[in-house]
Amino acid sequence: MSAQTQTSTQSGTGPGARDAVIEARDVVAGYLPGVNILNGCSLVAYPGEMIGIIGPNGAGKSTLLKAIFGLVKVHSGSVVLGDRDITNAKTNRLVEMGVGFVPQTNNVFPTLTIEENLRMGLFMRPKKVGERLAAMWDLFPVLHDRRNQRAGALSGGERQSLAMARALMMEPSVLLLDEPSAGLSPVRQDETFIRTRRINKTGVCVVMVEQNARRCLQICDRGYVLDQGRDAYTGTGRELADDPKVIELYLGTLAKDVESEHPQH
Amino acid sequence: MSDTSTTTAGLADPAARRALMAGVATTPGSAKPDPILVVDNIVRAFGGMTAVDVGHLEVQRGVITALIGPNGAGKTTFFNLITGFDRPTSARTGANWSFDGAKLNKTSASSVARAGMVRTFQLTKALSRMTVMENMLLGAQGQTGENLLKCVFKPLWRNQEREIEEKAKELLQRFKLLEKKDDYAGSLSGGQRKLLEMARALMSDPKMIMLDEPMAGVNPALTQSLLGHVQSLRDDGMTVLFVEHDMHVVRHISDWVAVMAEGRLVAEGPADTVMSDTAVIDAYLGAHHDTDLGDDRLLSDDTMDQLSEEAAEEQAHREEEQS
Amino acid sequence: SSDSNNNASAKSSDTPAAGSTSGSENFTNDKCSGSQTSADSLRVGGILPLTGNLAYLGPPEIAGVGLAVSDINAAGGVDGAKACHDIQDSGDSTDMSVSTASAGSLVASNPSVVIGAASSSVSLNVVDTFASNKIVEVSPANTAVDLSGYSPYYFRTAPPDGIQGNALGTLISTDGYQKVAFIVFNDTYGTGLRNAVQQTIESSGGQCTYGCKGQGDEFPAGQTTFSSEVGAALATKPDAIVVLAFDETKQIIPELKSQGWDMSKVYLSDGNTADYSKDFEKGTMEGAQGTIPGADPDQSFKDRLSGWAEVGEGKPLADYAYGAESYDATILAALAAVKGGATDPQTIQKNFAAVSGATGGEECKTYADCVKLLKDGKEIRYAGPSGIGPINKQNDPSSAFIGIFKYNADNKNELSTTVQGSSS
Amino acid sequence: MGPRAGIAGVLVLLLLAPLALLFSAQPASAVGTLCLPSDTTACIAGTLRTEKDVLPGVKITVTGPDGQATEATTGDDGRWNVQVTKEGEYTVKIDDTTLPKNLATSGEVTVDAKFKATAPALIPIRTADYQASESYWDHLLQSSANGLRLGLLLALASVGLSLIYGTTGLSNFAHAEQVGLGGILGYFLINVHGLNLWVGGLLVMVLCGFTGWFQDRVMWQPLRRRGLGLTQLMIVTIGLSLAMQYCFQYFVGARTVRVVKDNPTVSTVGPITMTNQSFIAMGISILVLAAVGYALLRTRVGRATRAVSDNPALAAASGIDVDKVIRLVWTVSMALAGLSGLLYALVTNGIKWDSGMQILLLLFAAVTLGGLGTAFGALVGSIIIGLVVELSPVLGMPGDFKYATALLILILLLLVRPQGLLGRPERVG
Amino acid sequence: MDTIQAILNAMVREAISPQTAAVAIAAIGLNIHFGYTGLINIGQSGFMLLGAYGLAISVGHGLPLIVGVLIGFAAALVFALVLGAPTLKLRGDYLAIVTISAAEILRYVGRSALLTDFTGAAQGLSGATFRGPFVNLSFFGDGTTTLSPFSYHDVAGGAVWVRLLGWLLVIACVAGIVVLVRSAKRPPRVRRAVRGPGRRPEVTATTEERVDLGADAAAPAGLSPAVRGAAIVLLGVLGVLVVFFLVPTTYQNTGVSGWWVRFAAWVLVAVSVVVVWLLVRSPWGRLLRGIREDEDAIRSLGKNVFAIKMQALIIGGVFGALGGMVYVLASSVQPDSMGRSLTFFCYTALLIGGAASIFGPVLGAVIFYGARIVIKVAAGAYVPDSIMNGQQTEQFSYIVVGVALMLIVIFRPQGILGNKRELRFNV
């Protein structure tokens, strides 16, 4: 498996290609004892990199993120953050180390108000809450107007925005996003992608799972294609997006078809 | 109603569909030649905020209608209202909606579904501790075995059960879930649940299926094949109303698009028309929805500002609404 | 019982009587072995409250049975057949499966007689089981009227509530209290006794103001807050208050006190006329009165009971309620066996009333004496420490003493009078 | 030794003459003349008293069925008695002239005398300004105050129950036993070991809090880790409650025990009379509840608690140590339950092995009434339950239905507001 | 050995007692509510009480037995309607509170002194007032019978090895039944991707690589249902016979609590099991489980969720009523004995046996009551008096029961027959 790591390193474009910010090595993990969902999955992200993970439904993308974040038990393999081994570490420890995570589902506190939801994002450093809150209100004015409403009442897309904002509160150094654009309107999707990219440009290492694969690969430095719990393909975003096999199996031709069918703008 | 059969029969042909919808005005709430769902005066307010306020809407039989709109526009709430999962605030002041000729104003969620209008949920509702297969079997309508008195006599329902099972297998095959048929639905991934949800709804052979963001979180390759399936359903005469944020999908399969914003119906028309409507672009699509985001120029503050302006617009309307 | 747990050692050391008695006499704790049955020995089963709300009544009753068995064996058993005891839990009426199970295993163990249960509700639950298996059940404490003449196999050594109720009602009326409030719990025993007391009071010109029959003001057994009951009772401005309850009394009395009630106008009954010296501040109960069926046994009997308890159960008794009745129940059964010449239940059933004096006969006070008389072919009347009269046709004691107690400044109940009442 | 000798004498007498059916041995201070009913005589006796005092020196005439009259005069203790030799109806009449002024009496009563028995005769005598019952409003106010008191004590316990339910989803059926534990520990520390009430109370809270900490440490946390279902956990709490109940019975017995033996002193505020302990207990409850409320709403830990109760996985992802929060919730809840138990034992004058079981349903009702999992709902629910329990008898419900009424109100309220008082409806879809 | 034999005797007596059967039936009803439909009914004792009152009061007033039974059922039905109509629309937790409250209200009403003439108030109705017609039905005749006449005494003089062997046989029977029952459930397959050493999966190979590990784990899965059913019954009968051989139990044939009640009670248990099996294997049963998982989803599929929940509530309630009737046949109707603890015991039985399994409630009831008595008797027999006296032993044994209950659930949370995998998706 170390061979794989090697390949990644070669294709890595991160500035300090030497020391990975976060690395999962041969992770075997699963929800039930004896049933592994991830079967030796490896992933590496170098400082300042933006990594996209795509793959069919049920491939184990979310599971991989959860395994990195300590929410799923890793049976073998290891997860390393910087120079620390964080395999099966307690989640809140990871947050202290600056890892932010937006889950795919259930990503808000439904009975807390929106503001409280955001405050939870910065639970570890309450001193900075005011400042960060202001920043978030700027980024998501929608949320500001409804800050005293309970998050449970929000629509699907509104929740998604809130979830993102919550993760941004803490100014993470590594950000794990599970389908951040799902359920968002196109303009907000763009907003989300671009914002993520900007955050990434400030030096934050981003690992995102996306089903909006094309867009994801457009903006990511590198991408991984996961299938059946393994990293089946990896390469730069562009490489993957243009790889005919990847297109056929994962990306589909819909977007291309539609574009050619309805030439626009 | 006499021409119902003639109009719907030929709808498998794209040209026929285009012809059918060509005559329809592209104004919000316009009349359709053969509406299957007619909605009047539905208002739903949460506290001070009006989430849905639809004056009039008709959904044409036998075609695929997309319902699009910014986040929080009230699409899901609208679904909830007409499928009986929520009650309109205007229930007493003339809220009215009918499906296939029958009034649905006061009916419960289950009778709405039995009338042939089946919906899926944006936040999926998989029956976790039942297998995928059982999930599917539950979808079938009119099962003799679901009658308390008959269910104890297996011969009464054995054959029907077999048929249903066959049908379920076929659907699962199509939704790439067949190999998971004996797994608990609770162990499915997010996208798989979406698929199961849709497949299950289809088990009931609805006259009209209402999909709430069916493709969010579904792998693009699979999306494509599913869309084919949805189209073939339409071709068999099913009416489809779906909410979706993926414009490729909308453009690819929808025959008609309705746009909601701040709870109101703001535009209607064929996909191309609607999507070139500047109002829709401003409030919903944004300037970049077809551009390549990989371009670093997009990271400029300008773009960001522009984006947030666009997004804020969604909000601005809403506030007008409230005041 | 609760208090004895912590005070047991203290008590046994500072009550020389208890220590000396147990030292001077050799008690035996004759538990039954699995093989002893009514065929070859006097197997005395017990279905007594070891757990549950009445568990505090368990120790004296066990001691009564145990001491009786010990005395019987000391006197040579029943025609040479050894006596033994096998006491099982009756639980309380909130979990009848306990008593049902115990009844089942008692039946299966083939006993000569079963002593129990304490609570009338529990007895009603198991009485049919024993009766249909033709096993004699003798309750030392049941006072419910409904059990009178319930079955030929059911006897009791405690007087039915009519007798006690009459005595208590008379006591209150002769004390001149005209308006009486009842704080009574909703249990066979509570309501039955209340009805009897209320009837007596009303027939002498008194009046019930609260908790009366048919008003539904009984509180559920086991309740823990009484401010509303006490408040409601006081709101009717009664002249006297009767508290008919078990252990709840400990919470009712302070509540009465704190709502300003004069304790000399409080009346209690057998369920709660107990020694409260450890529970209340000095003087709290002074002047309150209560009744307990059965002549208060003399101190030497109490000492013997307590002495046995130390041998059999490891600690002396704090309470003697129904100890004498349990003792007598056992002795009567043994005498019936002696008279009939066999230790099986049917024989005991046939002779039980007779040895209690129902057919007249010479009076005797101890097992040994009575056996001697019986051997001489005489009819006997066993007059044991509980002081009950002969067993009547209803299988109830035909007459019984009702002790009237008055509380002193130490919150101890002292016998002031004994009246005898009969169930005519 | 006097009375005892008397008793012995009586016993001997009775043994010798078993047919002497009613016999009274009078303590030395009793009425001079003694009336012993026998086979051929009956007694008519009574005590004359107003609601305030006995009436000595009043003349009474007892007229028999044959018109023959006997006279008696009440003694210093107001007692009188007459022996008659015929069975039948006797009229007992007071000689008004011997009565003090300002008394109201019907003057006579008829009783049925039977041989072998004493027939008590009661002649109602009242002072002129006697009122037959208390003012309804006073009673209502007093009961409301009692209800409030009960409600506050329930609230202390139910807030913890609600917090645990909120953070872990667990319906803790052993919670009521924790309340019992508070009272019983109080009994051990304060009554048995003679600790000062305040010190003891504090210690009770600390110990109970420790049991919460300990329980979570050795049981609930490992079980959560193993992913045990909530219903399974609920059954575990039922087992725990059974074990705890019988532990109490084992160590304390089945009797009611009191935390302090002294009779509480009473204070009166307007129409409301309550023990000082009650007032203090209410004060403490309010203070503690306010503190808990403040902590929940305004402090970081409180917010973390609510976050955990909403979505534990996400809370963890926000950097909250979920286990720590839950441990804290257990500790605080148990400490509160302990405090509640102690106060309850003080206010209701005792605690028993199954006292907890008795209030369990009230606790659950309170928690549900207010909206499951909302701590403030539990507070409101508790107070309503407390008030209903204490007020329903005043408002005319039969006394043994007072808990039933509370439960009925709960059911009715849920029908109108299914989400509970402070709960909010959930969004579908 | 004598004490052990005595303990075993007590256990068997308790295990086959009508009360155990009654709790089994009530737990079967609860299984429909809770196990299959997910209705958290904590008021099963209320249904039992109604059944008991219905039977006792009507028979006590001279109505025929069958009418009494029907009245009991009708009472449960009405209770279910009254409870269900308003609450089945509420969230599950609320149903729980409403049912437990309603059951308590029933108990308070039943024990209210105002109804003394009718319900006998706190004292209840003694068995003698209503047992007659049932006892008269007996075709067992009088006298007592020991099952079985051929007992361990007759083989090698009842040597220890005979008994040991016998108990081993019993254990084997039970184990066999458990295996058979569990294999019958055809557990959902467990999939696992085979991991080739160091091999990256071919992108083209999608599903073929995954193999099925679950289905072949249980060997008897290949048996046809009929054979399996017969085998279960056979093993069951054999087990019971061996138990009776080991523990010769004597009862009256008819009597108050003799073989007749036992026989009738267990026949009713068997009938209930069959009925429930017929119900839950059908699409209707599937609906129940669907509702347990998410009623909104079921509603969106056009099923009348309310009606089905109501049907389930009624059926489970009627089983509860039947359980209540059996419960009081050998004793008396006492409202206080049918309170919360009884419901808790039903739940305990259900969960020990395994919720949502056909035989679970029955097995659970037998084990719970059997184990409880074993603990009690064993504590009484083996804890020396010097350490604890009789009373303390008794109390101590309850502590042990409580702790044992906790341990059972902790170490076998899915119950004996339950499906462990279901637990994973708890809510």
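To keep things simple, chains are lettered A, B, C, D and E as they appear, and every chain counts its residues starting from 1.
Everything that follows uses one rule, which is that a contact is a pair of C-beta atoms (placed from the backbone, for glycine too) under 8 Å apart; a residue touches a chain by one contact, two chains touch by 3 or more.
Not measured: the values here are computed from a predicted model.
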{"item": "Chains touching both chain B and chain D, listed by label", "value": "A, E"}
{"item": "Set of chains adjacent to chain A and to chain E", "value": "B, D"}
{"item": "Chain occupying the most central position, where position means C-alpha average", "value": "E"}
{"item": "Longest centre-to-centre distance from chain E, chain (CA-based)", "value": "A"}
{"item": "Interchain centroid distance [CA atoms averaged], chain A/chain D, Å", "value": "59"}
{"item": "Cα-centroid distance, chain C relative to chain D, in whole angstrom", "value": "26"}
{"item": "Length of the line joining the C-alpha centres of chain B and chain C, rounded to whole Å", "value": "76"}
{"item": "Chain centre separation (chain A, chain B; CA means) in Å", "value": "28"}
{"item": "Where chain B touches two or more other chains, by residue", "value": "76, 85, 121-123, 180, 187"}
{"item": "Of all residues in chain D, the ones touching two or more other chains", "value": "246, 249, 398, 400-401, 403, 426, 428-429"}
{"item": "Per-residue multi-chain contacts in chain C, two or more chains", "value": "51, 55, 186, 216, 218, 220"}
{"item": "Residues of chain B touching chain E in the complex", "value": "83, 85, 108-114, 118-121, 125-131, 134-135, 137-139, 141, 143-148, 151-152, 154, 157, 161, 179-180, 182-184, 186-187, 200-201, 203-204"}
{"item": "Touching residues on chain C, where the partner in the complex is chain E", "value": "29, 33-35, 50-51, 55, 58-59, 62, 87, 89, 93-97, 100-101, 103-105, 107-108, 120-121, 124-129, 131-133, 144, 146, 150-151, 186-188, 190-191, 213-214, 216, 218, 220-221, 312-315"}
{"item": "Touch list for chain A against partner chain D, complex", "value": "69, 71, 90-92, 95-96, 101, 103, 106-112, 116, 119-121, 123-124, 126, 150, 152-153, 166, 170"}
{"item": "Touching residues (chain side chain E, partner chain B) in the complex", "value": "188-189, 191, 207, 210, 275, 278-279, 281-287, 289-290, 292-294, 296-306, 308, 311, 315, 421-422, 424-425"}
{"item": "Chain B - residues contacting chain A, complex", "value": "46, 68-77, 122-123, 176, 180, 187-192, 194-195, 213, 216-224, 227, 245-249, 251-252, 271-272, 275-276, 283-286, 288-290, 292-294, 298-299, 303-304, 307-308, 310-312, 314-315, 319"}
